[in-house]
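Pasting in a structure now, in structure tokens, and then I'll have a few things to ask.
Read from first to last, the chains carry the letters A, B and C; within each, the first residue is number 1.
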Amino acid sequence: MGTVHEALDALRLVDHHCHGTVTGPCDRAAFESLLTEGEAWPGISSFDSPAGVAVRRHCAPLLDLPRHAPAEEYLARRSALGEPEVRQRFLRASGTDVFCVDTGYTPVPLTTPGEIAEAAGGTSYEVVRLEGVAEAVLAAGTEPDAYADAFRTAALDAVRRPGVVAVKSVAAYRTGFGLDPARPSDAEVTEAARGMLARGGRLDDPVLVRHLLWTAVDLGLPLQLHTGFGDAAIRLHRVDPALLTDWLHLTAGTIPVLLLHCWPHQRQAAFLAAVFERVYLDVGLTLHHVGPARSGAILAEALEITPFRKLLYSSDAYGVPEFYHLGALAFRRGLADLLQRRVDADELSLPDALRIARWTGRENALRVYGLAEDG
Amino acid sequence: MGTVHEALDALRLVDHHCHGTVTGPCDRAAFESLLTEGEAWPGISSFDSPAGVAVRRHCAPLLDLPRHAPAEEYLARRSALGEPEVRQRFLRASGTDVFCVDTGYTPVPLTTPGEIAEAAGGTSYEVVRLEGVAEAVLAAGTEPDAYADAFRTAALDAVRRPGVVAVKSVAAYRTGFGLDPARPSDAEVTEAARGMLARGGRLDDPVLVRHLLWTAVDLGLPLQLHTGFGDAAIRLHRVDPALLTDWLHLTAGTIPVLLLHCWPHQRQAAFLAAVFERVYLDVGLTLHHVGPARSGAILAEALEITPFRKLLYSSDAYGVPEFYHLGALAFRRGLADLLQRRVDADELSLPDALRIARWTGRENALRVYGLAEDG
Amino acid sequence: MGTVHEALDALRLVDHHCHGTVTGPCDRAAFESLLTEGEAWPGISSFDSPAGVAVRRHCAPLLDLPRHAPAEEYLARRSALGEPEVRQRFLRASGTDVFCVDTGYTPVPLTTPGEIAEAAGGTSYEVVRLEGVAEAVLAAGTEPDAYADAFRTAALDAVRRPGVVAVKSVAAYRTGFGLDPARPSDAEVTEAARGMLARGGRLDDPVLVRHLLWTAVDLGLPLQLHTGFGDAAIRLHRVDPALLTDWLHLTAGTIPVLLLHCWPHQRQAAFLAAVFERVYLDVGLTLHHVGPARSGAILAEALEITPFRKLLYSSDAYGVPEFYHLGALAFRRGLADLLQRRVDADELSLPDALRIARWTGRENALRVYGLAEDG
């Protein structure tokens, strides 16, 4: 039957939440900026971080460099190989064959779901970011009193495109979750849409964020919610998923809700997954930022009380393809360490451990998104 | 002198907070529902959780089954033995001889403190849940302006019954702890009681919750407070015990306050126990939900700064008697691992480790509740 | 090249935040009180705590006692040696040669920065506590409408004294961080100063706390901010450093901000250090309260995503000189364990590990405060 490590190394992962990566050349400044959720700062190299150390350790060998290669050599080799080759190497190495790609954040040109799938030799699906749909509706000249209908129609159109399996909201970045959980009235939405137009069309009004979340319920697809860790626009204390509890009560029995990232609130997310039937979580993004040295500790907290059908894998890779590989590696290594230790201590049977590995790395995602096993 | 594990295995525990268990037969649906703080959901077995895995590992052998027995076999064997036999086996196995039983939550018929003590071969005491007393007072037709006096009288009557050693509040479930810490005025209480009557008699008004907490101070007995983890009615961000700080300042020097469960806020609870003379904590409920594989990690956080006279043991077992055993096992194992590791690293002397084990597993509770060593 | 433990043991630390210790004799009651962030309570010895156990283990040998010496013997030996000898032994043992001393909290006479440096055979600098400056200004009879100018002038005078390298705020103790982040208007400050005078001159008004923080920005020196753990006057939920995010956005690009202590919010602090260029953190105070048995776990959380140029060492020693030694020991041991484990697992190269040790234990502080390597 083999060990848990062997099983997880062999498992084809489903990455239920990721992004594309830059398509053009990536110089040192650009790479260092993409390596961190902060920015590239003068005098401090982004490589001098847990993620940077992990890239030098685990990504360098895939570029034919020694482990722990210096940053300069790493960047030089990366440039010499070119972004398409680098991308393909890391995507193949990730052992991932299904990707659910959030296509709604593209400040620079990024690979498409199709390009990701092709480079990986796998299959991709699309996740529609609802804030983008809503803002496009207003940018197209929609009147405030037509906003609610127009947004719903546009969202329905968006999710009916082939390959769309979920929607996503970045409410975390806009208002956080300290919201009135109730569905807003039409009049409130119109009024708020008027204000949003006046302020320049960014969806950051609490009423419109609530309306967006309830529209997601109407759409019927699984809803991915950014929670916890992100860039400096996040207020960590406002993105504790526990703040969603009232809304989860009101929407219980409707759509699956997938809490993304979660750190440092993974225990709060686990609580919600343990008590609400349709709540799931992952610790994507965090995994590659902390690296394999610490991913087991995060997963151990995330799994303290989480039912084993409720944890999913995601890389949340964005910008550089290293993160598809590093996220997958940190997940496999961290989870295998944790499960094997329990097997060795006879706290868990090996068949149970292998089942938990398959569920969390692959089958839970196939199940939630209704994907066939052949991709 | 033996090892810490031997000492903890031999120690008769005081379970300072638990409930009764179901008296009738427990079918699969009922058992799966009681196994989780969530509910039994279609398509997801409650056994596929850390608590479920721990039950199959550590409870199955007590029912004459192999370790990690399948859920079906476990349930069949359980039914064959019958609830009284199962109860007695787990209570005896728990190595607990003193039980402080919260009798205030009985949606189904549960074993009484006397039945628990008899099955365990030990002694039991009663903990009076104040919300139940208050709601009974109003349900009996008390006028709003007579509520305060009637509640106090009823509570005094309740705590003067033989065997009552503490009171408990589930303010966490009603309003959370984001309350004005001051004692409310008579007029405020009357007004709030009027509203409560009009709303159907459930004590969920902030004024009445405050009044209840202050009435507990007047009663003079130790007050057990649910904090942190619980079922879906909990809002985790509103039950951080740190929110009680102002109230603890106002009531300093009065009654002992016992923070129950605490997870994921065990560090906040530890802080309060470290800086307030009469504040104590446990990590009951969490222990059996995370199981022995993870109880040491929770205890390590709970004990980071907690004075060793301030941590108590509780199972918070409810519904199924497995949790008396599993809670005790997870406590012994987790604490022994932690202490023995420190002894091995020469960070702690063995006599100190054994003292800490005795204090936290038994003597702190005897001391706080004023119980004689013979039970 | 040696191991990480050897390197960290040999490294001369920079303690970027500490206090003086009592100058007179320290009897049992006084020592027990200083051993805890709570108070000395009847019937519970402060020695029966993680910090007490660590003192008996790691400090007793420096007083020529066996490891784990009983508290009575420890106190007797301490008295026999006398405070100056005890102080010198612990300061020398700490292996620290640069101290940045907060001189603004002296409820009893404490050693001066000069005395600390002399006893340690090192160098000291001063950190000016701004609340003290502000309160002295008003106590000197300043009119409310002159307060803003007078405070700024007094603060400038204070920081221009030789040896001053930073300012500090205990806003955490006064209001917490749930403040309007904007700089208050002159009229608001005058009005608030009037109220503060009327209430007795303690700076606990939100407007004045905001004004103090913005005055720190004007001063241009690094600002140390108490966050997290402290005595009973702290409300842990109001001192989560994440609450500072809006203010950090408004002040980005100005002064370095050093988040002190942080526990249990070290992950939130790490997030801020990871996304804001000028934000740094330490886990001082916590280290000696949890001791070497647990300091590695705290450091592991603090370093999960923190760039390696962003973590600093501090003891936050106050009152008893044991804490200079214990803080340093807990830091060295915890960090060395963590780094060596990663080296052993080939997750980190040894040169990288040694660099991270030097940076966090010494060089990051020299850099932030602009101190020359020779002290």
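Methods note: a contact is a pair of C-beta atoms (placed from the backbone, for glycine too) under 8 Å apart; a residue touches a chain by one contact, two chains touch by 3 or more.
Bear in mind the structure is a predicted one, so any value in this text is a computation, not a measurement.
The touch graph of these protein chains is complete, with an edge between every pair of chains.
Comparing the contact residues of chain B and chain C by number shows a mostly separate set, under half of all numbers used being common to the two copies. A straight line joining the Cα centres of chain B and chain C is 37 Å long. The residues of chain A never reach two or more other chains; the list is empty.
Remark: chain B residues 240, 242-243, 245-246, 249, 267-268, 271, 274-277, 300, 303-310, 342, 345-349, 352 touch chain C in the complex.
Every residue of chain A that touches chain C in the complex is listed here, in rising order: 36-39, 41, 44, 46, 48-51, 53-54, 57, 67-68, 229, 231-232, 234-237, 263-264, 286, 289-294, 297-298.
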